[in-house]
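What follows are several structures.
Note that subunit A is present in both complexes that follow, paired respectively with subunit B and with subunit C.
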Partner chain A sequence: MNRVRMLSLMPVWGSSAGRSSLLARAASKQNLLQLQRRSGLQNSWSVPVRCFQASTTFSSSKIARSVQGDKDRGKSAANRSLTVVEELFEREAKTKATFQQAVDVFCKREIRRRGHVEFIYAALKKMVEFGVEKDINIYNKILDIFPKEVFVPRNFIQRMYNHYPRQQECAVQVLEQMETYGVMPNKETKFLLLQIFGAKSHPMRKYQRIMYWFPKFKHINPYPVPDPLPADAVDLARLSLQRIAADLDARITTYQLPHVEILDSGKVVDYPHIIGIQSPDQRSLLACHNPERPVFVEGPFPLWLKKTCVYYYVLRAELLPLEERKEEVIDPERNFYYPMQLDIDLERDEWEDEEFDIDEVEEGPVFAMCMAGAGDQATLAKWIVGLQETNPVLSQMPVVFRLTPGPRELKSGTDLEENSEEETARSQSVNREA
Partner chain B sequence: MALSLKVLNKCHWQNGLYPLFRALVDNCSQIQYSSYKRPGTPSDRIPPWAKINFSFQKGIEGIKTHFGRLIKEVGDHLRGPEERSLEEYMLEKTRVAWQFRSEEDLKKWVISCDAEIGGKSEVYLKLSKNNQSALLYGTLNTQVPRDGETRYSGYCSMRSKPRRISFDRKWPYNWSKFNCLHLRIRGDGRPWMINIYTDPYYSHQKDDLYNYFMFTRGGPYWEEIKIPFSKFFFSSRGRIQDQQHALWVDKISTLGFTLGDKVDGPFQLEIDFIGLARDRAHIEECAYEIYEKNPK
Partner chain C sequence: MSGLGLILRAARVAFPAGVRQFRTACPRPAFAKELFRGTFRKEEVFPYPEISNEELEEINQFVGPVEKFFNEEVDSKKIDQDAKIPQETLNGLKNLGLFGIQIPEEHGGLGLSNTMYARLGEITSQDGAIAVTLAAHQAIGLKGILMAGTEEQKKKYLPKLASGEHIAAFCLTEPGSGSDAASIQTRATLSEDGKSFLLNGSKIWISNGGIANIFTVFARTEVVDKDGVTKDKITAFIVERDFGGISNGKPEDKLGIRGSNTCEVHFENTKVPIENVVGEIGGGFKVAMNILNSGRFSMGSASAGMLKKLIEMTAEYACTRKQFNKKLSEFGLIQEKFALMAQKAYVMESMAYLTAGMMDKPGIPDCSVEAAMVKVFSSESAWVCVSEALQILGGLGYMKDYPYERYLRDCRILLIFEGTNEVLRMYIALTGIQHAGKILTGKIKEMKKGNVGLALGTLVDRLHDSIGRKVNLGLVGKDGVAHPSLEESATILEKNVYYFGVTVEGLLRRFGKTIVDEQLILKRVADIVINLYAMTAVISRASRSISIGLRNHDHEVLLANIFCTEAGFQNNYAIAQLGKYAPENLDESIKKVAKQVLEKRSYICSHPLDRTF
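On to the complex of A and B.
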């Protein structure tokens, strides 16, 4: 019985081999339109769409030999189809539309979806290149390549063993790539997987795991970053300054908006943006600062917002030596309505001691922070001049620029020498201006 | 005598008599935790006995240090549980597990990055400029090594060394009095993962880890982060597991930080201290469903 069915299928194999060589020839011309037309022609051939299912219990040597021959032929066809697959993605314009088109071409050409595992692996690799790695519809389209209902186990033995392992692995790989890029599967993905592999398959399990863990960890970041980030540098600077200030009272000041000025001599002067932030607490700290002690402009320090790195500068002072530190005494008559200082003995025992037995790291106070389009001293001096309007004490203090060679300076490379000095000269010019 | 026996009882006797003559043999304390072998490297053909570097002098030194440690442990044990007096131990609400104030503290940690698997990341650990905190810095590079097998790359990590007492016996930490991890750190906005490794009993548990995420704000200010132990999820070989359970707080071996956010570029993390706290308002045991998978 088996043998009869087998023999009746033989001519079909012969024709399919011929077809694959035809394909290779067509692909070598790299004319996709022509290819599509030909594949359309092939579809009109009345080829019975039936998978070849050969049992391993064949006893006849002749049939075994023919199966062997088919395997070899299949291998060479797969090799050839792999080159075709790679060629499908060799396009000039790498966009979502062309990616979809390549997938469509493959689906139309291969009515039996032969070589779909290789094609899917190739497609997964090319996704980043086409910029579609975060598109759920594209992933669904890729899963749609799998032939439906063929890989669903039909009896308990198939269900017990790993049914069509290569196809299942491939689908798990698609889901894993979705996981890597943080793409949440949707209902369509679920129906596709159900249709292709059945309810208890490995890809379905992977889908269930993603659906369990992704929503759990979706909102655990206490400092969320908007996605996508604002494209404008000024908006980005505002956002990141608000994030690092960690104070809702802090106020953002725009000292300079980016603009280009063309002088009469034809010289173009570029003004970078300068955005600063200062909270009322920082302002009062700066007001208390001893004017004889210098304040420092330090930076640039990196701040990462997902994939982008921005740089900020801080205005700070050194930690006071121990002998100069004094406790601030609040005058009891400063406020008549409620006490400014409470000294209540709550009779806390050692049981209630929730403090850590450690000396915390002490650092000098931070007075203000800023972000600028350029990290040179002249730009930052403008920030200091702007700060002097709200903090008049600053004009009496010496300001020292302690700029380390940041990535921007490395790019230009010209003023590297000047900036690499640990402490540049005191910017008395700033004070003179003010 | 009974006391010293009790001290010895703390050791796990799976190793048999091995700890007794381990002191005589050099190079044996470095136990290979990972069975990772880079693809393409030839298999190790050196027989295990050829690696033993027997040195009588080092053996004598080892015996000296180990018996010194044993005497100290007996003394500590007489003082009270976990080197503290009983009163101090019972009243304890918080504990500083690790702090970074000197080079000695840095020696308790191991750093590693994907350079071990052929990647291009770099990681360094040093004391920050006022010698008051640890600075972990470097660059992350997600370029995959071209060995044909590795598919992902790009991680940098720092891990504490497991605690060992005399004769190189393992002695995992017991944190069952606490329910929160309390960290004082300053990062640069990158997310980190905290990994807790519990001392495995069976060898198939050696790749199990408990993980949770630590998000940093960035900026010039220090921040305090509190992570309840109940939030830690169970993973094995880097894959999150379906069957979750609460962290084994009484068998903590190591704690580590890993950065692997797939973003190329420099990073830095300053750590002031790592502490343990008991938050009495927090009663959750495990934040994830632990019901039976296929109920009867």
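On to the complex of A and C.
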């Protein structure tokens, strides 16, 4: 539709002003034009852009159709070139260096860059395989395949129409893949795009849009996950626990470092890591806990850090039943300097209540958390024993293990049924083990 | 001739010198608390309190020698450097009787009134370390015995304390407990024979801790209440150093008041006989509160005294130093600073003596709110003024060779000790709101229930307010008590008082008893009422000065008018803010910023040089 509107506009310009004056106008308004396009004004000047956007599906479907047509006609030429392209990437080990090599080989072989669009599409597909999908230099190298200055429009008609649509679309595809993997274009990318397609081309627009949004989103996550994640399981456990605890006072304790012990009998005993975290608040909560009531070790619960999943266990208690809850009374003789409570029989006005009405589900207190190399009860009992050192009151409480079959049990998979039953053990037994 | 002069003259005839107005109703409703209802009890503050000629002569007899002693024999610089008051100086203070100013004559003290105590405080404050040593001794250290002690305790301890043979200290603060009584860890356990307590625990930052012989110590004791439940309660004890088991940490190295002795005091199985309990067993909380509340008023006159001296010193400099062939005193910006200092000194002096006069009136005076207001205003003004004085002196003020930087260091503590200003603001605001709340609860409840008549009445009142109400609280006009030269200031005060009352009522309606948690609002309330009290004090004092023709009373009128106009503006602004909701008066944003900073425990903005691409 847009295209139709634009076409109908064309003769109007032609008739109202001479061609040369139109050119002059176009040139003088170039700066203004850029502004107008940025602000998204939909006047006749921005029509070419919209025209392209409207036609992307159109043109790509046309390509698809033509490809299909090629296939129908007989899989001769296209097929051959594709296999050649694929071959380039199938030669050696899949590393960054070999990927670069493949690109270099193509560039050297095809001085005239024939079939570069196909090659770029193929290269884009292969990037993940080579593990270079997040490397800005590789993207720049791919863009560098495009022949320079050929696709830059030279006059207003070329500028107005979609100049070299397949190539432009291909470059947009490259930028889109960068966007998908969160790769921020750099100065070199911009320079290349300028050289290849010119200042107001679609890839350039895409570049500008990326550069508008990406910096804004760079720090959108208030809890950034380090990239790359620590490889060591102990370090990863520390990081994850700190993340869940979200308390700067919480202290990490290493109850056991992973090590292997070889007994005299030749038997190998594997000691998994046990890393725990507890904050002073949690400690005082635990100290106030009624020793008659049991505390539970529950888990494993999953925590996703980007693509890694780790599991943690918590030590918690059930919520106190209503009748046992004590309302905290402020002693009137508490503060030497000013009253902590007023003896006025007036409540807060509803207009002053600025909090949203939220249904809150109360949960029992969590006293500590840990991550361990193994999810079996013996390992977690060691954690409880370690906790008893800093929380003496814990040794008087019954500790119940409520472990669900974790991922590790699932892998072994044999005694699934037994594991799903609640494993319980009194703390006395834990003490004996200690 | 104004009506005021007549009233004053009539008052003079009715109450001849030496006889003070006597009221039988006690305790009297305090002036400041009534301000929260928009009521101005002018008979409490007008006329400005006076002392009789005999008393004036008496105090002047004391002032002369003390002034001479401080000018000639106190080497403040040395005290500051050595962080110790020399023994000769202490002996001199003892000989002057300064260790027992308020102890009754029958117990060997000077037996002076609060007003006279304030007057002497003006002079002793010339050296911060000495002022603090004296204050820790008698304003808090021995106040417990004086206020709540038995006759035997008084007889036993006061004479030696009055003579300065024994020095007292007040032991309340602990490592884990500043204002929180619940975290006091020092414990006193009753011995098996029930005749003594064993005291165990540590106290920190005790003024005079290292030199004191008598300690007022607050400790936890087990008390069986009337339901038969054993509870921990605070009890106050008089502890002599000779009881044994008392040790000190080394004196703390401080920013200011370096000559005063501040250190830790440890009690280890100190045996305290049961006769040495101050007040009741388990009644220590009240004792502590009363001591703290009563000790504050003198800070106003002390700061004023210090400031007056500082004005002399800086004026000398400004009138001799020349820049660009002009004296410093000819520059407007320097003049402004002197005006500010004079104004603040005048205000704090007025407040201090008004409060002292109220406390000296017979009956059971409850002036704790007033005293707290004096403390907050004078400590903050002193800090501002000393800083401005340093500014006048330029680089000179920063040098250790001159005394000015010492004044700056010394007066910083005023904002902190005897209750930080923040805590006192809460006290001022909450005490007043509690008072107003008790009276207004019924009315507000009626309105909330939907009493149409009452609501309409209030609506008409507010409408009247918004089109400009003429407030008459009896300060100006035909029966006005303020002098006509101060009519404008008095009108501002009247309006402020009225609208403050309206605002407090609004706050009570909005927040009810949950206002205790709205500290930003309470701070504004406290600021307004402090200003109101200060305005009252200066108008009352200036009116008296004009009426009896004191020297330079025209100067006083100028100061009073400057202060009242400025304070009036501040009050109007604060009242306007109190009328708004949290999102409009920035409270919400302020809280949010603080929350975000504290969550990360750091300044969280990106560096201005940071980039994202």
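Simple rule for what comes next: the second predicted complex is superposed on the first by the 319 of 434 C-alpha atoms of A that agree within 3 Å, B and C clash if a C-alpha of one lies under 4 Å from a C-alpha of the other, contacts with A are read in each partner's own complex, and residues count from 1 in each chain.
By our rule, contacts are C-beta pairs under 8 Å (C-beta built on N, C-alpha and C of every residue); 3 or more make two chains touch, one makes a residue touch a chain.
What you see is a predicted model; the values in this text were computed from it and never measured.
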item	value
Which of subunit B and subunit C A:E261 touches, first, second, both or neither	neither
Partner chain(s) touched by A:E292 [first = subunit B, second = subunit C, both, neither]	neither
Which superposed partner A:D227 touches (first subunit B, second subunit C, both, neither)	neither
First (subunit B), second (subunit C), both or neither touched by A:E347	second
First (subunit B), second (subunit C), both or neither touched by A:V361	first
Touching partner for A:E92 - first (subunit B), second (subunit C), both, neither	neither
First, second, both or neither for A:R243, with subunit B first and subunit C second	first
Subunit A residues touched - subunit C or subunit B, whichever exceeds	B
Common interface positions of subunit A, toward subunit B and toward subunit C	351-352, 354
Parts of subunit B lying in touch with subunit A, wherever the complex brings them together	91, 93-94, 96, 99, 130, 132-133, 152, 182, 184, 188-191, 213, 215-223, 240, 242, 262-263, 265-268, 272-273, 275, 277, 288
List of subunit A residues in touch with subunit B within their complex	180, 209, 213, 216-217, 220-223, 240, 243-246, 301-307, 309, 312, 314, 316, 350-358, 360-363, 366, 369
Subunit A residues within the subunit C interface of the complex	184, 186, 211, 214-215, 218-219, 248, 331, 333-349, 351-352, 354
Subunit C residues within the subunit A interface of the complex	172, 179-182, 233-234, 285-286, 288-289, 292, 419, 423-424, 426-427, 430-431, 433-434, 437-438, 441, 444-445, 508-516, 581-583, 588, 601, 606, 612-613
